[in-house]
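What follows is a group of structures, each given as structure tokens.
What follows is a pair of complexes built around chain A, which joins chain B in one and chain C in the other.
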Partner chain A sequence: MNIHANPPRTAAEEALVAHADQRVAAEPVAGPLAGRLGELRRAARDAFAANGLPHRRVEEWKYTDLRALLRTAAPAPAPVSTADVAAAGAEAVAFPDVRRILFVNGQLVASASDLSAEAGLSILPLSEALASGQGAIEKLNTLAPQKYDGVLALNTAFLDEGLVIRVDAGAHIARPVHIAHVVTGTEASATYTRLLVDVGAGAKATFVESFQGTEGVAYQTNDAVELFVGDGAHLDYVRVQEESLSALHLATMMVEIGHETKLHTFTLTTGAKASRVSLYGRFSGTHSHAGLRGATLLKGGQHADMTLLLDHAVSNCESRELFKTVLADESRGVFQGKIVVRQDAQKTDGRMMSQALLLGDEAEMDNKPELEIFADDVQCGHGATAGSLDEDLLFYLKARGIPAKEAEALLIQAFVGEAIEFVENDGLRDALIDRAEGWLKKRVA
Partner chain B sequence: MALLEIRNLHAQIEDNQILRGLDLTVNPGEVHAIMGPNGSGKSTLSYVLAGKPDYEVTEGEALLDGQDLLDMDPDARAAAGVFLAFQYPIEIPGVATMTFLRTAINAQRKTRGEAELSTPDFLRLVKEKAGELGITQDMLRRGVNVGFSGGEKKRNEILQMALLQPKLCILDETDSGLDIDALKVVSDGVNALRSPERGMVVITHYQRLLNHIVPDVVHVMHKGRIVRTGGKELALELEASGYAAYGQDAA
Partner chain C sequence: MPAVQETVDRVKSIDVDQYKYGFVTDIESEKAPKGLSEDTVRYISAKKGEPEWMLEWRLDAYRRWLTMEEPTWARVSYPKIDFQDYYYYSAPKSSGPKSIDEIDPEILATYEKLGIPLRERDILLGIEPQSGSRVAVDAVFDSVSVATTFKAELAKAGVIFCSISEAIREHPDLVRQYLGSVVPVTDNFYATLNSAVFSDGSFVYVPKGVRCPMELSTYFRINERNTGQFERTLLIADEGAYVSYLEGCTAPQRDENQLHAAVVELVALKDAEIKYSTVQNWYPGDKNGKGGIYNFVTKRGDCRGANSKISWTQVETGSAITWKYPSCILRGDGSQGEFYSIAISNGFQQVDSGTKMIHLGKNTSSRIISKGIAAGRSENTYRGQVTAHRRATNARNFTNCDSLLIGDKCGAHTVPYIEAKNASAVFEHEATTSKISEDQMFYCLQRGLSQEEAVALIVNGFVKDVLQHLPMEFAVEAQKLISVSLEGSVG
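Let's turn to the complex of A and B:
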């Protein structure tokens, strides 16, 4: 029971409700699912109007007070110009051998995206999927948690832009699909995007999303992802968050894991003034493996929060969580991980680890790992560490002639490398290592 | 000029005085053995010369080729030619041995104002030296010392020494934890590095190592000072009499 009455709405919340009202009223969508979409938006708008932005008295948001962080509701972005597209295309992370799809200011730019046909793969803009009612669109928002999530509510209330991707049963999509999000321009704006990926039985695919934007602009990103991993499927999902250091990045990842599947997710976070990833995972089929991992590198006054809730609803599944956080200067990292093992989920094997490296005297890490186990025959463990670089390791490297800064960089690289090495795709893994290295070089320079 | 000149060296760790006025002169081409009972300060001497931050020098000096060593950072000392083969080489997960070797070689070259080693030259050099020490390609691919046996770790130290070609090699109980075969491999590796320009300080508790690495000078260290100096026969004498004269049994 919520014993706290909600405080009066902030100006930002008032504005967000007003913006949502306009969205709900103004854009009737044609097609078989128009009614359903309208309902989703309205329900989300109402939930937000009643509950508002999450704040520090909401347990899941204790360390990341979004009500305090989001003081101004940024307006919708201006229409995208040709110049914006060119700039965004040049700025977007270049991964080797990928199919790239470009979103500029939260809007799909089909002309700058590779939407060509490929056997076993269907990629539809959200609006088209809604209009046709085809494909995986019927699954939209079905992974939303029961409990109110203010960030996802906003994403749903503003639902308009995004992609619906279906990988057919048995299809092996060799080339990763890269969805690049770039925010251009000098005016702060708020973008809402949604990705739905439905991987059919026995299929195999790799997706990578990247987020970047103009330095110095306090834009707001709210992105939600729904991943459905079918029976026997194998999905790799990588997320690279390199937003402007003035930006606010809010992400919701929702995953349903079928029977005998293999799922790997990885998030690399170096951007945004403040960011939050809420990851909801659920095993719905037995004998599956999920590896949820990430590396976060922060400096200055950056704040990054990784919060995950993994539901072992069925038996014989294995989960591995490994999150590495490097905190320079006075930056702050948050890891909250909760694994629920239900009564029927016997033979669950779950291991969760959060490790933080504090480089700055003023840096702070908040770790909150939790296990909630109702089954009696399980193997579960969690651990959390926070510390500085090992002096003995540093001395060993220096004693071989490696200068202090370079020795530190080697050890930090090794620290985050332990999580990155699980990314299966060689090109993506190397690119992630390069980007972490780039962060280290910039820090030293 | 002496290669290494230590005068009246005093050092402490956390208010614990370990070195109490140590003098030592090593000339180019010489191999000096330092023996002594446990706790006499042998390892401390090696750490102080390499620049381990936990140790504080309170008095005295140490010069390498007339240059003040104690004033330099550990990496500068290494670039100047000091190499410490650690008693307990540390594991560095996530840093591949090859990456580590290459970074170390090139960092030293850079500090000395030399060009970086090209990739083919580096690979050829590592292959040659690693082969002599029985270090496999698989070991080179792994994290530094990760999953290595005690003997493999010591061989890896000697590999680094062979690649970095230091002026002054300090071997801190390199024989500890080695079986007789491994001792032979390691000693051969060390002997291959003996040269008229290079000096060595071999720290050991036992005479055994000195059958393989034959010293020019043997010192006995006790309570933080050199208390006796002699030729290689001094080691044999100690083996027979033990350190009883210094307040401790040999074993």
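Let's turn to the complex of A and C:
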């Protein structure tokens, strides 16, 4: 760990601290949780004021210098109009057979969302959950890592939009819940959203979140997700990031994995000028399986950073990580993955793989797969590769009359397909394959 | 395996500790005043009879060092080092022998105990059994080089092999041209400290087209209490030359921590090849983690010319703390870098070691094979970096790091940085961590091997990929060392 005095605050940091101060001071929230929420916000504000935006000298942000990427603190978005909602509803990704909930400019639009009751499933707007103190809200922010980073600190300081979802013990929710985030308008704004999902023991559910926005607008998204997977539960979580190519997308995902559970997460990243996902996973119960996967397709000057920390705190758990990155033009991909196996976590089985395909001469891939192991009876491994398309395979396809561009697209599709195929829900999986294909088509055209 | 059994027996006869090189040689020595200041630097430079430019170089390094901070990113923890509490220069009083016969017999006896033959005469008389594999040795005792063997024979081939102090006096042009050209004075905290106070080390120059007729070797020994050893090695292989160089280290058993901060610079010009092998067996501290050497080493090779090759092989079994990253700068087109490492930690040892392969030239390739073995309460980290720069087309890297854990109180960590900035680069990295399987153990035990023999056998198999890259003389020694280091780690 480097101990460096923080450089003086940038203008953006000053503005963010000022915004956070206003937020902390201005909004006394009523309800049973008012005190706790106030404390949370204050602590987050102080953490941010102390450390500012993470920068290159912070090891976890070595390849993504947020201080340089976030130059101006965008203001809060303007109130959402009906026209905005209609436009957003039309633009949002349409997944088949899902319950859709719509966020426009970081604000929940109840009128355009399906919040209806379903046996075993309760969906509450964050503000309502905070006011009533009901549901899983008491778990809010409990998964935050001890080392608070600036991104999550900001999300917590500005916390008030989002959802609290509870899946009751034993409930099987067949229809995936789709939370669509769309940013409209022509002014750059900053949105902060939070999703808390509490899956009860033995329950089964699928969630998908999507992120999109107006092309050409340099808005900033800061989204945090907390997932609690109860004992024996089965959770699938899919994330599709197709933000505007001018946007900055920052995400924090925090997952607690109970006993004998099954968790699958998948992240498809094709959007944003710069994006970063910090994924923190922790096994708190034994004999569980976690599959964390993702595919990233970048072009132009895009930058995408996937950083994960998986904590095998208990024994007999299995984890599989697979991340595929396709880099066209002068785009840059970052993968940092760390598996920690604690002393008590005997019989851990962990496999992590990051593979990158460099298509553009100027493309760059930075891989940092780490293992930190304190138990001896374990099987852990990681792999990282970077390279261009296999000439032999291309030749094989071309020899069979397939044009070069198409051959290339086929190979890339197969490459990312290896990660997508683990998504269990058929409709979602097909939709993801379509979206990856769409990216390839756009690139070829 | 008779070798292993023999070592096992020898080790068992030493009761408390397994370190067999822990004895102290009782000779009078001459030391610089304790602590570090410009005066210390001047003292060392004067002792060495160095020219003015060298003193200036050192003073410049010292002044820069004062402004630097000790690095804290490595995964090692130790109490803050008081740099004023060390002696920066210590030489046996009777130093400066004209020939082997003038060396203090105590020192000769020390090296004999360590199994390092300094007497060419004996070898030539055929006393040393393998006269076919002669090795020229430069022996460094605390701060000075006490003897360099086979100098005359090497000179016939045009190879310069001497202590760095002698090289500064005798071959100032070569030294000025290359010293600090691979590891700049301000490279890092320890390298800068070394630049200011280095006392001795080896210098090798292999001229154009010469294949060095024998293995060259340096043997480092820290003897004095509270001394720091700061050796500096500079090795240059001119166009088309080849040299294989071996390095070994030991120190007495002492309760306080001793400091060792070396800098090794290798320069390979066009078509040259350098093979650098190290068996590092500094005193690791006792079973409670008391004492031991702090080993902060900067080793770097520069493949400056086209099609040059540098290969590092290391067996790290000693030291309380190891902080060491032998690296290759692959500057010349078609150059190759290799790193083969076995790092074994036991007791309370902490190892943070690895390599850097920096691909700058076209068609460069590198290969990293690292085997870490952690036992006892030790921490063993592989930290490495592979980068291909924009213009390094067709850079190729293969990395394999395997860790083996023996016992549940130790830790094994892997921290690789892999940066491809070029679409034609092909990088592959794989790492695994596991333990000795019960099946393997059962199989060996069932055939009458003891637990420790079985572990030694399996571990030797685990590290085989690296051992085979060591020169013969070292491979046998290394194999023994591995079993000694793991002594007491089972059951």
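By our rule, the second predicted complex is superposed on the first by the 443 of 445 C-alpha atoms of A that agree within 3 Å, B and C clash if a C-alpha of one lies under 4 Å from a C-alpha of the other, contacts with A are read in each partner's own complex, and residues count from 1 in each chain.
To be clear about the criterion, contacts are C-beta pairs under 8 Å (C-beta built on N, C-alpha and C of every residue); 3 or more make two chains touch, one makes a residue touch a chain.
From a predicted model like this one, the values you see are computed outputs, not experimental measurements.
**Student:** Which of the two, chain B or chain C, is in touch with more residues of chain A?
**Tutor:** Larger number of chain A residues touched: C.
**Student:** Is A:Y396 in contact with chain B, with chain C, with both, or with neither (first, second, both, neither)?
**Tutor:** After superposing on A, A:Y396 lies in contact with chain B but is clear of chain C.
**Student:** Thinking of the overlay built on chain A, is A:Q413 touched by chain B (first), by chain C (second), by both, or by neither?
**Tutor:** After superposing on A, A:Q413 lies in contact with chain B but is clear of chain C.
**Student:** Which partner does A:A87 contact after superposing on A: first (chain B), second (chain C), both, neither?
**Tutor:** neither
**Student:** So, does A:A404 touch the first partner chain B, the second partner chain C, both, or neither?
**Tutor:** Touch partner of A:A404: chain B, not chain C.
**Student:** Of the partners chain B and chain C, which touch A:S388 in the superposed model: first, second, both, neither?
**Tutor:** The answer is second: A:S388 touches chain C but not chain B.
**Student:** By the touch definition at the top of the document, which applies to A:A43: first (chain B), second (chain C), both, or neither?
**Tutor:** neither
**Student:** Based on the superposed arrangement, let me know which partner A:Q379 touches: chain B (first), chain C (second), both, or neither?
**Tutor:** The second partner, chain C, only.
**Student:** Which partner chains sit in contact with A:L115 here, chain B, chain C, both or neither? Use first/second/both/neither.
**Tutor:** neither
**Student:** Flag every residue of chain A that touches chain C in the complex, lowest number first.
**Tutor:** 1-3, 59, 343, 346, 356, 358-388
**Student:** Going by the contact rule at the top, pick out the chain A residues touching chain B in the complex.
**Tutor:** These residues of chain A touch chain B: 391-393, 395-404, 406-407, 410-411, 413-415, 417-418.
**Student:** Which stretch or stretches of chain C touch chain A in the complex?
**Tutor:** 72-73, 390, 403, 405-435
**Student:** Give every residue of chain B touching chain A within the complex, in rising order.
**Tutor:** 50-54, 73-75, 77-79, 84, 86, 89-90, 92-95, 99-100, 103-104, 107-108, 111, 143, 160, 164
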